[in-house]
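Here's the structure we're looking at; comments come further down.
Going by the order they are written in, the chains are A, B and C; count residues from 1 in each one.
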């Protein structure tokens, strides 16, 4: 269970700090996730080259790793940045985009998660399922499973790597050590915009940078995603205008919005 | 000649299936083309690494290859994905972005087209012209020729590779085997938004995934592009708002819109 | 001091020519900068591969180099394109994104600037400061200094490479050879949108392509950025809608807007 007051405290901290969030993420969403981080009040930076990955991670308050559009060079940058982030004990948030779709994605996830266990894994039901069972196949990057059906996978994955698992879907499940927070916010238009899952991961990085209780940080991030999505959807005409309405909603978010709209359990 | 009813049948099939469209495309437009595919109802995935290109193509209902921002590594991924797509007999849609601008782009197109003949080539007048004649020079990625002037090149290119050629411009020409469909929909604002040609190519992939008559599929895709463009332009304030209005129009497209607005010959 | 009439003359020239602007820029902003170039009336092309960088630069009216998300392959493409641009005497505009954040970025800037001195460097206060002093550290890609505090660094940097330095911030300083133009246009929302600095650099390329007085060209570009930003901000709801409003404002810019809104000194 999370409280509106705690969600809002983190938003205020992000706006006041603001944390630098180092992202090694995919080509499709870089612009969107940078803009979402700016809109919530954080400072994003994208840097993947092995020549600078450690130096950039040394400046950051959180590291966000997203394996969409991966290739061997990018994986090398991820390894270097994750190694530095663990050395500095800054939070690592990991997004297994498309895990289960190809052996390369699944194996890369397992290699990275084993070598550099992150603090939070954020994924959809297919991706979380694929990380704990070879029997779960992902069809591309969109989930074919409901988040409810994957809640058990999330708990197993959390146990496997000792990290928070943030499973997004129509209900979001944030689990660790037998604890479970459910977020019921969000809107059906959200999966019709590419990369909003990646945006959730990036925002989770910003929250983890200001809140060392990573279970709470992950839940607060998903709550803010869902609330901003509901505000955006109230005026939007479709998935195109939703994108700008969503960034506007993140930027203009008020404590009152969180108090009135938060639906968590 | 195409019918509104047939266009609409394909839209319904895309929304109901939905087909997974595997894209190896350029950095500039990845976000836009993913969002356009989601808006029409398809499921996009972007994956270029040679380590996973075949596996991802094995899941897909269509493969979209776009040579913008190409380099040798990406070409290798394209070759592997095209090879697998041909083996699986799923449609390949090829976009020769900037062919004729540099020898590297022209040569890459010829190499790929010869080795892995696609089912549909979608390009603008300069690009289509450059693929059949070294005398046609492209200035960057924007066409300097009218589509009317390149219709003959489109027919020759179709004969050369035995594929549908979808030539976009103020009139779109979709040609194969002496057949020709003309689409008169569209709006002058569309070339003022980067990557709408690439979006046309991506949508052509979604239509080809649900309609094995690739001439019809290519024409239906161009018709939907043009109609959504006209709907968007009716309320838009410029090329910025046009982008979100266009995605909204794709998402909200109704059979009635197609019936009222389709202008084909 | 610049005049509204001179600013407008350049806009008209861009719309009438239009110049091809060759960009080797970062993954985050490619789409935005391409759209901004189209909106002002120029023709953008993105091409980074060493196999075609010289050929593309041979077609262009200006070359824009932006080191965000750099890696060794991209640097090689930059070197080749810059070499060709200098040979052809077309203007080079250089954006040292994140200089000072990592040794790799700072060193890459110094290597490129020494080997291929550009005509214009456009950066924020932290970046410009870092290029003249190792003592200035950049925190990611957002400036932590005011432009006023870096005006002296801009003058030193201009002397160092014999080029125009365009220092953006709440006041923009465009300096060369003891000359200094100040632009007071702009809006506080602009740093909340990722890549608007990169957009300023790209537009500077379009202006330099039509105006051989690079000090004036750089100042005109910053004036148009600021004016379009003010127009956009007058109707915008946040940083999401600002992006499309800004492109609409660039596209719809009228001479009267420049005359009424220009604030330069």
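To be clear about the criterion, contacts are C-beta pairs under 8 Å (C-beta built on N, C-alpha and C of every residue); 3 or more make two chains touch, one makes a residue touch a chain.
Given the structure is predicted, the values throughout are model-derived calculations rather than measurements.
Counting the residue numbers that touch the partner chain, chain A and chain C have less than half of them in common. Remark: rotation between chain A and chain B after Cα superposition is 120° (nearest 5).
Taking each chain's centre as the average of its CA atoms, chain A and chain C sit 32 Å apart. Counting partner chains per residue, chain B shows two or more touched chains at residues 27, 31, 243-244. Of all residues in chain A, only 26-29, 31-32, 68-72, 98, 101-105, 139-142, 191-195, 237-241, 243-244 touch chain B in the complex they form.
Residues of chain C touching chain B in their complex: 20, 22, 27, 30-31, 34-35, 38-39, 43-49, 51-52, 55-56, 59-60, 73, 243-252.
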